[in-house]
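Some structures to go through are shown next.
What follows is subunit A paired twice: with subunit B in the first complex and subunit C in the second.
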Partner chain A sequence: MSSSYLLNRLLLAVPTLAGAVTITFVLLRVVPGDPIAMMTGPGATEADIALLRAHYGLDHSLLRQFVIYLGQLMTGDLGTSISLRQNVGELIVGRLPVTIELVLFAMLTAVSLALALALKGTFWRGRWPERIVDGFIGIVVAIPDFLWALSLILILGVAIPVMPIFGRMDLTISFDSWTNFYLIESLLRGQLEVTRSVLHHMVLPAVSLALPLMAITARVLKSCLNAEMNREYVTLARTRGFGRLRVIYSQALRNALVPATALSGVQFTFLIGGTVLVERIFGYPGIGNMAIDAVINRDLPLIQGLVLTFAVLFIAVNLLIDLFITFLDPRLRHD
Partner chain B sequence: MVMNRRSFLQVAGTASLAGGLPLAFSPSQVQAAGDTLTIAYNVSLPSWDPTTGLSSVNPGLQSIWKSVFDQYIDQNPDLSFKPGVLTEWGWNADKTRVHMKVRDGATWQDGKPITGEDIVWNLNRAANPDSGNPVGGLIWGSVGNLKANGNEVTGDVNAYVADFFKWMAFLTGYILPPHHYEKVGAEGFEKDPMGSGPYRVVEFVRGSFVRLEAYDGYWGGKPAFRNVIFKFVTDATSRVAEVESGASDITLAIPFEEYDRLKAKPGLAGVATPVSDIAMIFFNDTGPMEDANVRKAAAHAVDKDTIVNRLLRGYGVPLHTLQAPEYAAFDPTTTVEYNPDLARSLLAASGYSTDNPVRFTIQTTRGYLPKDYEVIQAVVAMWRKVGIEAEIEVYEVAKHYELRATDTLAPAAFYNWGDSIGDPNDSTGFAMFGPSPHSTWDTDDLDAMIGPLWGEKDEAKRIAGWKAVDKYIAKNAYVLPLYQQVQPVIYRSNLDFTPHVANYVLPFTTKPKD
Partner chain C sequence: MIEGRADLPITYRILHEPRAVFGLGILGLMIAVALMAPWLAPHDPLEQDLLASFLPPSWQESGDPAFLLGTDTLGRDVASRLIYGTRTALIVALVAATLAALLGTTLGMLAGFYGGKTDMLISRAVDIWMSFPAVLLSIVLVAVIGAGLHAVIIAIVIIDWTRFCRVIRAETMVQKERDYVASGITIGLTRFRILIQEVLPNLMPLLIVLLTLEMGIAIVVETILSFVGLSVASDTPTWGNLIQEGRQYIHQVPWLLGLPVACVVLSVLSLNALGDGIKEVIDPETRQ
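And then the complex of A and B:
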């Protein structure tokens, strides 16, 4: 991958983000739901409502509001949240690490399990255990993440209460974090009690997010592995005396991994979207949970900030996946 | 070692075969310790300023704020009023002046005494249009020229508002410490909140939880629980799991089916209290609703008892006006009979029947209130039997607010009207008075009846006037009240929990059982 390609991709991100900003801004003001109408108490008069509208700058024309918003964006100011009354940028910076840690942990879990399943399924190809693997993948892929979340809460939180079902960390532990990346920071600072508690609280939400992704990735990877196993180089390797496991592991896997990785990249973006419901269910204080409150409260600056954040994440993740695929497949470097 | 493609694949494969990260499964740390009360709360706290902004009129947040801040005046669980940080309050004889007395010995959570000047600062701030208080104009702006003399506060009445002092126990009726607020500013206050209530904020993780600790200098005495944790568990299923697993001691706002199941479990208890929320259907003075026969038929055709008993499992109190039994202007003699035959004859008089039904749209939320959509389905089915064919339109509550503010709701719209101070100004008044931005019905006959009541200084005459208004509304079917909502609360059976009609879950009044 040349540096000009990378530059092109980064330049393409600019109009993509501009489009996201414009569409979000216009849509939020076109769809029903006026934040001022929501905040007027029973004793409010028309004059109170007009004052509030002016207070939040919603009395200007749509165009003027947009120009003001763009001006703020240019200076890195995402505005002030109507409901939380804090700087939107600060709010997102404070909550984003929570979601990033959760999603990365979920991704790691999904990819690890998918690899294991796909390799096992390929190893048992044509035999009855393969049908069990396929059946398991079929069931897991059919159940959405939020249903996994509720099921895991009922099983491991209530019926056999071995796992915490709320929050990011044990509430009896105090951790003065500098970065809000609790898991990484506590590891680096050697506060293993915090690390253990964060991991413990992360398991159920991460597994809920990971299972559907794991199933899709395992299915694609297994299918790719099966295709590779029918190729001549595999037959040649087998005739040279390589064992089945070794052929899969050292010959077929590297070629099968490229499409599965590309798919994981696409799914990763869905994983970030999935945090909205899963974080809500587990009371996990990430940006997904915050997004629901922002939408309910019609907190326009916060919704705009969150959409922009999601857009940046999606672009960044796709770029990283492209780089990673190039690393895996040398042919792509020369195309 | 340099990582190349081959070594990477080897490491990745080994890791996957190992089955991912090994994680220890151990019993979760559940069940708060003896001096800690953990509440799985249904609303996430967005702000620490209970007097301004969007969240300040959210009734669901009041339990948290009441734990940290004092209100000027407090309320008993039956909605009756009692001294808060003010021990005396009232008007002069001709109601042109107000007077208040600040409690001796009341202090802010930094130990400084609460003074008359503090009360003046708070009331002036609430009335200041720049502060962002959503009810600053009509309520808090109704008094002015406030002066403090020691613990005494006096002021002039700009415009008489009969429930001015009741609002001191209602939305935005909280006091903040002026010295602290002015020192840290609005954003600083969000990070370092301070009140004068029974608990002070120790730790607040936005979107997750708030940990409170008893404030030793509180004028109301020492609470039974030294520590309180409000967990923001906004998903109802998760709240059920929290209390069932023992991770939380109290929860609320759960489905009635779950409430019935949980309260029967050993170690748990439950109480379901009628609260100050009324499920009702707004009628808009448009289209078919301008026909009195259609409105009256719509009112007579609804069997509220059946809705409450069958759909809500008995958790509701059928109502005929916008006054709940605990409200000041409740009149049990005002009723609207369930009579489908009468409904049919009223519709027939306007040329409608089951073969030629009157048609209109009814709007409702789905999932915003307990069984909201199901209740409207039941109402529509009852209407269909008499000759009303209503089409259900589901919308989000945000759209309801916007449509109501612009008076563009459908001919019928389901909503929940809350009034935790039980004054008719705030129930029938703001819901039905045409010029109010919250009303949907807007006709001169009703406005002419309501108008004089806003300034009525004779309290007995005022209440009698509102009862007459309610009777008139019921007779003309300008609105269709359905039932008083019931709040289910589940708690550990070794707790002594006091339900509150204002729908509060207050840690200060919760104690371990003797």
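And then the complex of A and C:
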């Protein structure tokens, strides 16, 4: 992995981001709803509305607005939210930790379950338990996170009410957070009551997000493992007396991980996109939930800021996955 | 490809693939329900009866036999709303998936076959599209276009053409290297004619699989948009509307959420099974 490759990848992200920014900007300016009208209510006079319009820069021409917006972006200023009347950058930074904790927890869950499923399935190769694993993966893979969220609410929230289905933690607990990374911070500060509650509330949304990713990763990894198991080195290791389990773990897995990660990498970004709905369904206070409110309120600066945030997250995840692949496969490092 | 049953007609082989049969069965049932909705539904799906709101399904203690699956917040018959919702779901699935396939396939074929600048332009567009969270983009789009079924359909097409484009582009690139394309050029056919008359038929099996899967996705997207409250006006019965209502009153009326979720899950599962089943039959590479 040369640093010029990394630089190249980062440079390639620039036109993608620019495209995303432009498309969002243009799309949002043709929205029929008027954010100022929604903000002021029926009592406002023409003069008030004109004043506010000027305050948010909505009285300029479209091109002028875009140039101003780009200029602000360059200095890291995302503008002011119309519905919440706060700095968009600060709003997003405040909520982002919530989503990041949820996403990381979900990804971790997905990857560990996928590893377990794929390894078990490969271990049972050609026998009946393998069919059960395949059937399970086949059903899970077909159902999107949105439906998992609703089904899990029905099953574990209502039918057998063991899991909380709303919010980030019990409202009876108070936690004065400095970073908004509740899970990590409460753990570090030793407030285990908070940690427990946050984890408890995180399980259902995280599992909803994790299941589709788990199924796809497990399926891809399993077929890559299967391909490896037919290679000569595996037969050789087996004839030399290594057990099946040991061959899978110590030899086939490492080789299968490279194509499996490359093939399922995109799915990690889908998980991030899934937070929009899953957070909404569970009333989880992250940036996904915020995004839906922003659209409903026609809060143009906030929507723009959030779309940009998601695009940056997507690109970052793709980059991390590429780095992981080159880390796994030494042959790719010196290209 | 020499394979035991490969000489049998493809419809026969599909009808003997259990997953495809399951998928076709449920899809057939959905089509029947959608077509016969006015005769099947015991009530007008929009007829309100505020005195009979929140009724449980009829087999439960306080249920009313007149409302088989109970009523919603405004006393509308849930069974009738589900039946008419099937109609909405199928229309969106068929129209949106077909249009997304048309757009995505055209661009994918052009990118894969002509390569060069065309490919660069189209692939770049796909990259930019993929950097948006699909759900957020669809919500923004519907906010832009306005409520209504047509808005949902346009949103799905604008977002999901990339699914077709990516796969079709890759497959077109594979087909392009085949001998039949070179032969076509040798005997003087134009490249466009080869693309339409020779390459396209070879893409058809893959396209049918993608189309089936996309129908499932379209049903989910429609549900999602209704759930967020942006899809169609609440006087059009959709599964998503019911789900949205059900989520609000989950502790009082869990069936209001459970029944439409079951409908969506079943239709998505069956369309996936159908797609997988067809793929199994027509794709020689998945057969050992």
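By definition in this document, the second predicted complex is superposed on the first by the 308 of 335 C-alpha atoms of A that agree within 3 Å, B and C clash if a C-alpha of one lies under 4 Å from a C-alpha of the other, contacts with A are read in each partner's own complex, and residues count from 1 in each chain.
Going forward, contacts are C-beta pairs under 8 Å (C-beta built on N, C-alpha and C of every residue); 3 or more make two chains touch, one makes a residue touch a chain.
The model shown is predicted, which means the values in this text are computed figures rather than measured ones.
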(request) Give one of first, second, both or neither to describe whether A:L323 is in contact with subunit B, with subunit C, with both, or with none. (result) neither
(message) Contacts for A:I139 in the overlay, against subunit B (first) and subunit C (second): which applies, first, second, both or neither?
(response) second
(message) Looking at A:R280 after the superposition, I want to know if it touches subunit B, subunit C, both of them or none. Which is it: first, second, both, neither?
(response) both
(request) Examine A:L154 and indicate which partner it touches, taking first as subunit B and second as subunit C; both and neither are also allowed. (result) both
(request) Check whether A:G19 is in contact with subunit B, with subunit C, with both or with neither, and answer first, second, both or neither. (result) second
(message) By residue count, which of the two partners contacts subunit A more extensively, subunit B or subunit C?
(response) B
(message) So in the superposed three-chain picture, is A:L70 touching just subunit B, just subunit C, both, or none of them (first/second/both/neither)?
(response) neither
(message) Quick check for you: in the superposed arrangement, does A:L84 touch first (subunit B), second (subunit C), both or neither?
(response) first
(message) In the overlaid three-chain picture, which partner chain does A:A291 touch, first (subunit B) or second (subunit C), both, or neither?
(response) second
(request) Could you tell me if A:L10 is touching subunit B, subunit C, both of them or neither one (first, second, both, neither)? (result) neither
(message) Under the contact rule defined above, give the subunit A residues that sit at the interface with subunit B and also at the interface with subunit C.
(response) 32-33, 150, 153-154, 157-158, 165, 280-281, 292, 296, 298
(message) Residue numbers of subunit A touching subunit C in their complex, please.
(response) 15-17, 19-20, 23-24, 27-28, 30-33, 138-139, 141-144, 146-147, 150-151, 153-154, 157-159, 165, 266, 269-270, 272-274, 276-277, 280-281, 288, 291-292, 295-296, 298, 303, 306-307, 310-311, 314-315
(request) Could you please specify the touching residues of subunit B with respect to subunit A in the complex? (result) 5-6, 8-9, 12-13, 15-17, 19-21, 23-30, 38, 40, 44, 46-47, 49, 53-57, 129-130, 132, 134-139, 167, 171-172, 186-187, 190, 203, 205-209, 211, 229, 231-235, 237-238, 241-242, 244-248, 395-399, 401-405, 419, 426, 430-431, 435-438
(message) Quick check: in the complex, which residue numbers of subunit A touch subunit B?
(response) 32-49, 51-52, 55, 82-87, 91, 94-95, 108-109, 111-116, 119, 150, 153-154, 157-158, 161-168, 170-172, 174, 196, 199-200, 203, 249, 253-254, 257, 280-286, 289-290, 292-293, 296-299, 327-328, 330
(request) Provide the residue numbers of subunit C that touch subunit A in the complex, in ascending order. (result) 124, 127-128, 130-137, 139-141, 143-144, 146, 216-217, 220, 223-224, 227-230, 243, 247, 250-251, 254, 257-258, 261, 264-265, 268-269, 272-273, 276
